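What follows is a set of structures for review.
Each of the two complexes below includes subunit A, the first together with subunit B, the second together with subunit C.
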Partner chain A sequence: MVNYIIRRLLLVPLLLFGVTVLIFVMMSFLQPVERLALYMRDFPKNEKAIPALIAKYDLDKPIYVQYWNWLMGKVDSASGERSGGILFGDFGYSRSQSQPVSELIKRRFPATLELTIWAVAPVILVGIWLGVQAAVHHNGFIDQAARVFSIIGTSFPTFVFGLLMLMIFYANLQWFPPGRISDEFARIIESEAFHRYTTLYTFDAILNGRFDIFLDAMRHLLMPILTLSYISWATFLRVTRGSMLETLRMEYVTTARAKGLPERDVIYKHAQPNAMLPVVTMAGFSVVGLLAGAVMTETVFNYPGIGSAAVRAATSLDVVAMLGFALFDGFILIIAALVVDIMYALVDPRVRLS
Partner chain B sequence: MAQTVPSGDNNLLRDAIPVRNIGRVERFLGPENYRIMQGLMKTPASIAGFSLVVFFVLIAILAPVIIPSVGKDPYSIPRDGFKSDPQPMGTEWKKNAPDAPFWFAITGQEKWTHIFGTSEGQYDIFYGIIWGTRTAFYASLIVTLSTLLIGVVYGSIAAFYGGWVDMVLMRIVDVLSILPGVLAALILAAIITPLVGKSTLPVMIALIAFGWTGYSRFIRADILSVRERDYVLAARVVGVPDSRILFQHILPNAIFPTLILASMAIGDVVLSFAGLSFLGVGVEIGYADWGQLLSFARNWITSLNTYWYIIAWPGFTLVLFVMGWNLIGDALRDVLDPRMRGKM
Partner chain C sequence: MRKLFALLSLLVVASMLLAACGTTAPTAAPAEPEVVEPAPTDAPEVTEPTAAPETPGFTSPDATTFVIAESEVGIDTLDPALAYDTASAEVIQNTYETLVFYDGEATDAFVPMLAESWEVSEDGSVYTFKIRSGVKFHQGGDMTPSDVAYSFQRGLLQGGYSSPQWLLAEPFFGVGNDDVSIVVDGEGACADDRECLSALPAEDLVAACEKVQGAIVADDAAGTVTMTLAGPWGPFLPTIAQTWGSVMDKEWVIETGGWDGSCDTWQNFYGMSSADDPFSTIANGTGPFTLEKFANGEEIILARNESYWREPAKLERVVLKSVPEWGTRFSMMQAGDADLATVPSANRSQMDELVGEKCVFSIETNAYTCEVVDDTMPFRVRLGRPGISQDVILYNWNIATSEESPNPYIGSGTMDGNGVPADFFSDVHVRRGFSYAFDWETFISDVYNGEATQSFQLTLPGMPGFFLDTPHYTLDLEKSAEEFKMADLDKDGIPAGEDPEGDVWTVGFRVQMAYNQGNPTRQTTAEILAGNLAEVNELFVVETLGLPWPAYLRSQRAKQIPLMTGGWLEDIHDPHNWYQPYTTGTYGGRQSLPQDVKDQFSAILDRGVSETDPAARAEIYKEANQLYYDLAVGTPLVLATGHGFSQRWVQGVILNPIFPGLYYYTIYKD
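Let's turn to the complex of A and B:
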């Protein structure tokens, strides 16, 4: 077990290194002029200054020099100021939004995190519950309904689903608006009186005792949550169902039945815990899926998270910003995968003992 | 087996053991593939799926008949003027009206209309849907086949050589699959668009670049199990060259599950392709592509109750197309499930 975790931990630096190389390779498709945005905010107005700047930031040097500078930043020998350097949290400057990329991430990421947190819980609970029901009533009504639901779910593109939701609940019924918060509450949140403990609006609202703000934030979140999570529901349902069906055929389940346990105990106490193993793996993948889905969902609902920022950067060809977001996402996903693997080892005796 | 098997006389044996006639098709396909085919032909899900796919194949082939192309490039959607507001279904063509197709006569109208209305900028939605079917097919097929090919070759090499080659190659796969596919493809497409120009190419390249890793993992696992079989050892003993062992002896016996995986992935590829053009990377504005048609709706979100047709028709088409492939995939998964063996 300790062995397994150590081996898994050793993989992390390797993956981190790999992701930086991957991003850097994509970066090297750019012209040296475009890569200047890694180190300086404003594009030089004077054309003649460009070659000097390129030389100053070593953008004409061999690739390993550039990679090193990209990681560690370039220290100005005169003033001693460092510019760039992703290891120090400097991801360069976004041309399209004229801001440091790290600043954009800091402002946008809480929104994405909030959306993901609220999307994960219903997915796991509802998906697993439906999956267990489908397996217990194998080929029954719930099973068939779940099957139809999951096929329709996996066939429905996120953005089409999102647009339909907007059409029904915003354009027609005017129930749920797009965006993250209403203007009047946005002003309150920005004000001094409101303490931003977590920068997640829903949690901050509760901590400040402002339930009107909480409700407003939820009103904005509800459609994105549904849009983001319905595909995961379908996959969760399918995995849980399959695993549960398999477990219910095991002999120890028959034993439990034979000794006269009530069916409810057989299913929820004996079968379900063992059927949850593949679901734990799924949960890890679903974090990845949610982060990917956030790209679409946030764009459709005009939700100011990191996904919609990445799309905005992509459509305005602001590659430095885009790669900054990708790098950040990559770091998060590597950590998420690590957590899932270790959790899996804790849950599954077969991994624990090997 | 309650029946007693008589001994001695062969004729008696023939009566006691029921003999199934094996047809020509079954002999050609082999028992396992025949069972799969039978299963597919009997499951309602796969029948529905195949019908949908055949329906779309027909639309793609007959596109020039269903709605004749206008201008040089059939894939650019004809515009009826340049006004921004979408026009409702059944509006008459005013400017540069193309010839009405022959089947339009059955509606009794004389002037060619916008059957599904027009989208922002007066792009004809019906035209976009019909010709977009071709885009969907060729993009998904090219991407799926390329990713399959790359993945299979890469995974085979990793599995066959094993050791540090395998280790290095698979770590590269690990790194490439860290980023979620859509995000990675979005970035790569945006980077290469200025280099190759606006077309379907950037998105396709991006989807291929990050799409093959799944196949390479899959085929690697299957080859690892086949590699240890006796006939491979035998081939090695008699001195068959590596490449021949790999491509003639191992691959044909390991590739089948990967092919199934590829057939199930087509729907996903179509979704990603449409999704990326919805986000606005890749094709130029007005290209006949479903994602592109849907992206027009982004500026009309507050008035979607009036302009519902600008998302309803392209969205419905996309969902049906993907559902066709998913139904087939779902049926395949059921048929291939070893626990289902003998139940068809």
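Let's turn to the complex of A and C:
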């Protein structure tokens, strides 16, 4: 197992290199003047100044020079100041949002991470549980209901479901407001008296002993979580159900039953673990999807995460920002793939042995 | 499991029933008579222009915080010398202050603000302001005459055509001298180019700076600031009453990295851009609100200035919240969590259904009359006030593009049917073809629900030069086709309709028309134009492109956008303020108008601004109307009448149309 993890970890730098090359190639399709945003904040007002700036940042040099500068930044020989350099956390400047891309990610990602952390359990576990129940009660009422539920969930556009939830539970019932936190608590969070250990409001609230803030943050999270969950449950339900049905037909399950094992043990101890392989894969990529920003959900619920920032960058043709987000998402994907592979090995010994 | 399923189903059904039956607004409460607060000084009076209804109203769940849900909170800069968009100016007007201020809703009457009083010389060219004492900046500094003089000097020297400084430059430097770069070399060859300007002879730079400093002189002992203009300038007070006349703390500006007041260094700050301006994201004015939080694109929070020199504002806090999705903004209004929201005209009907109080503007009385139309409904609507802004379709005569920096909005960049060349709109027949292809009737009906009229000219009603019988374009697709056939884009001397080698009529074109995102009015403008042009000739393709406000503004300034709608909210109610920007000034620049065209307009405008007789001025601006029409420089769209919503508990709003946004000082909530 340790060997397997080490082997897998050694692949990470290679994959990271691959992602940077891919993003850089996409970046290279931009004109040199557009790539200036990787190194400087403002678009030059004076057309005449552009060639000098392109030369200054080596944007007319061979591609490997530009790639190196993109990774390491360009150091000004006179002032010694570094501009750009993704390895130093500088992803360029977002012109649509008037701030460095890394600053934007730093400011927006905690919100998305918090949403992911709280959404991941209901999204995955409930989805799996529903799928198992549907399979166990194959062709029964629960199975039929779950299939209808799944069809509705799959065919319901996220923004429609989100707006419906917003209309019912916010506009009318005023239970669950949009945004991330109420203004009165936002002021407390931004005050010096409140320690921001994690920048995740719910966790910081608990660590600061402010359960009122925790509850308010949860109030804001509930609708996005429900929306994300409902849309995802349908998929998890179908995959788990299919996998479980297939597993329940296996001979070893029949053997387990023949041995006189209780049905509960047969399902949860023998069948379910073996049915989880495709689900683990899907769960891993669901988490990546959530971390990359639940675009529609964040927009509808005015949730200030990375997804809504990416939408704004995309709709404004802010390519440098979009590729900055893509690079960040690529890093997340690699880490998530690593975790999924390790989980695979845990779930299925054949993986690590091969 | 069955029990759980049944429970969940019941919960969903119950929620939907509650949603259907639920009230859409907070509980109604008896209205209190509106309060008219006496003004503590001779500064602007706090008045409520709206007649208060005598029927029950609504009570805000939080009377201390005023929340505005906007489609986008995109502030370009909070530097008063640089800000020239309404979103930025709204925040500046509430955090900084000017020497004089508009008197309530009047656009041409003024009251003292940071100046206690002022005197004007007999010839109208020297203004002496007595500066108010005891006023402090938010960070504790005392406001002095030196701060006032420094603020104006800094603004003029910072200059640049992306800023509003042209409005101040002309009175101080003379008609047509709308940037300090012109003062330096007489031509403005280094306009908007700091490097170029810095390379000019040092003595010329110092001389220009000394000219500015000589025109605006502070006397701290006497408590006065004297401003000497190049000549009489009628609309000088309206000019300095807007945000670019705001007073900044000289010491704070210097400490924060701004101009140090020396004539040897001013050029280092010339043509400042918002991204590099240290004052773009901070504020330290004397205004009734301080900047508490600046999260551009997300929210901006203003907090009441407790040390304000007048009585502190009634609201403790103002929150400008970015809520891009209309459905979310609508829900916030329904839930009572937003006091105001950006309502796209296409969605007005949704809001109209929830209107409980209707206020209609009367031009005769210059006021709104309100009545309660449905006591159970939460919103107030204000209707009928003619706007002081209009959009104009603008054609870029020389679109910025180069090998190093190819333009992303013009496709192939050549006349091959898959793009347009940079000089596409330099052909008058192309511009006329576009002008004849716009459908005002559909636009007014679809976008404004009939609440607008076609604009025939740049001037507005009530100004010299406004004529109802002025020549103007109307929808006529046949004439549009004729104009395109007369165009000659390949410049071979053969009209496009007869050109055997192919020209715009036979080859077609593809071009992007940009608009600022979250502005469906401009989006529809582009879509109507695109649809009609496709009818004129199926080879004519106009693609619509939404850009966020800052990006839209930047691309315009870079002269990259080939086709756009340029809006203008007048700075002062005068034809000069319309013709200058749309011909020789801001938009003229963004449209890359050639110098000979600018010169033709300049000659007319110079006569217009120097003339004092309104009848004579009207005749002069009639010439401008004709020239603008003949050259089809742009296509004026419509003059809309107001249709705005708020919660019924919002009181004390000064509805001065010339304000960039709301002036929060007078607002309170029931």
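The criterion applied here is as follows: the second predicted complex is superposed on the first by the 334 of 354 C-alpha atoms of A that agree within 3 Å, B and C clash if a C-alpha of one lies under 4 Å from a C-alpha of the other, contacts with A are read in each partner's own complex, and residues count from 1 in each chain.
Keep in mind that, in the parts below, contacts are C-beta pairs under 8 Å (C-beta built on N, C-alpha and C of every residue); 3 or more make two chains touch, one makes a residue touch a chain.
Quantities reported herein were computed from a predicted structural model and do not represent experimental measurements.
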| item | value |
| --- | --- |
| Superposed partners subunit B and subunit C on subunit A - clash or fit | clash |
| Contacts of A:255 with subunit B and subunit C, given as first, second, both or neither | neither |
| First (subunit B), second (subunit C), both or neither touched by A:315 | both |
| Touching partner for A:163 - first (subunit B), second (subunit C), both, neither | both |
| Which superposed partner A:14 touches (first subunit B, second subunit C, both, neither) | first |
| Partner chain in contact with A:33 - subunit B first, subunit C second, else both or neither | second |
| Touching partner for A:152 - first (subunit B), second (subunit C), both, neither | first |
| Contacts of A:171 with subunit B and subunit C, given as first, second, both or neither | both |
| Which of subunit B and subunit C A:144 touches, first, second, both or neither | neither |
| Touching partner for A:291 - first (subunit B), second (subunit C), both, neither | first |
| Region of subunit C that runs into subunit B when the structures are aligned on their shared chain, from 441-449, 477-485 or 621-629 | 441-449 |
| Shared contact residues on subunit A - subunit B and subunit C | 163, 166-167, 170-172, 178, 299-300, 302, 315, 317 |
| Complex contact set, residues of subunit A against subunit C | 31-34, 41-43, 45-51, 54, 93, 95-99, 107, 133, 137, 141-142, 145, 163, 166-174, 177-179, 183, 190, 299-302, 304, 308-309, 312, 315-318 |
| Residues of subunit A that touch subunit B when the two form their complex | 14-15, 18-19, 21-22, 26, 29-30, 147, 151-152, 154-160, 163-164, 166-167, 170-172, 178, 288-289, 291-292, 295-296, 299-300, 302, 307, 310-311, 314-315, 317, 319, 322-323, 326, 329-330, 333-334, 337 |
| Complex contact set, residues of subunit C against subunit A | 1-2, 5, 15-16, 18-19, 22-24, 65, 67, 74, 76, 160, 162, 192-193, 195-196, 271, 273-276, 280, 293, 295-298, 301, 317, 319, 321-325, 327-328, 330-332, 334-337, 400, 402, 404-406, 408, 517, 545-548, 550-551, 554, 557-558 |
| Contact footprint of subunit A on subunit B as seen in their complex | 45, 171-172, 174-176, 178-184, 186-195, 267, 271, 274-275, 278-281, 291, 294, 297-298, 301-305, 308, 311, 315, 318-319, 322-323, 326-327, 330 |
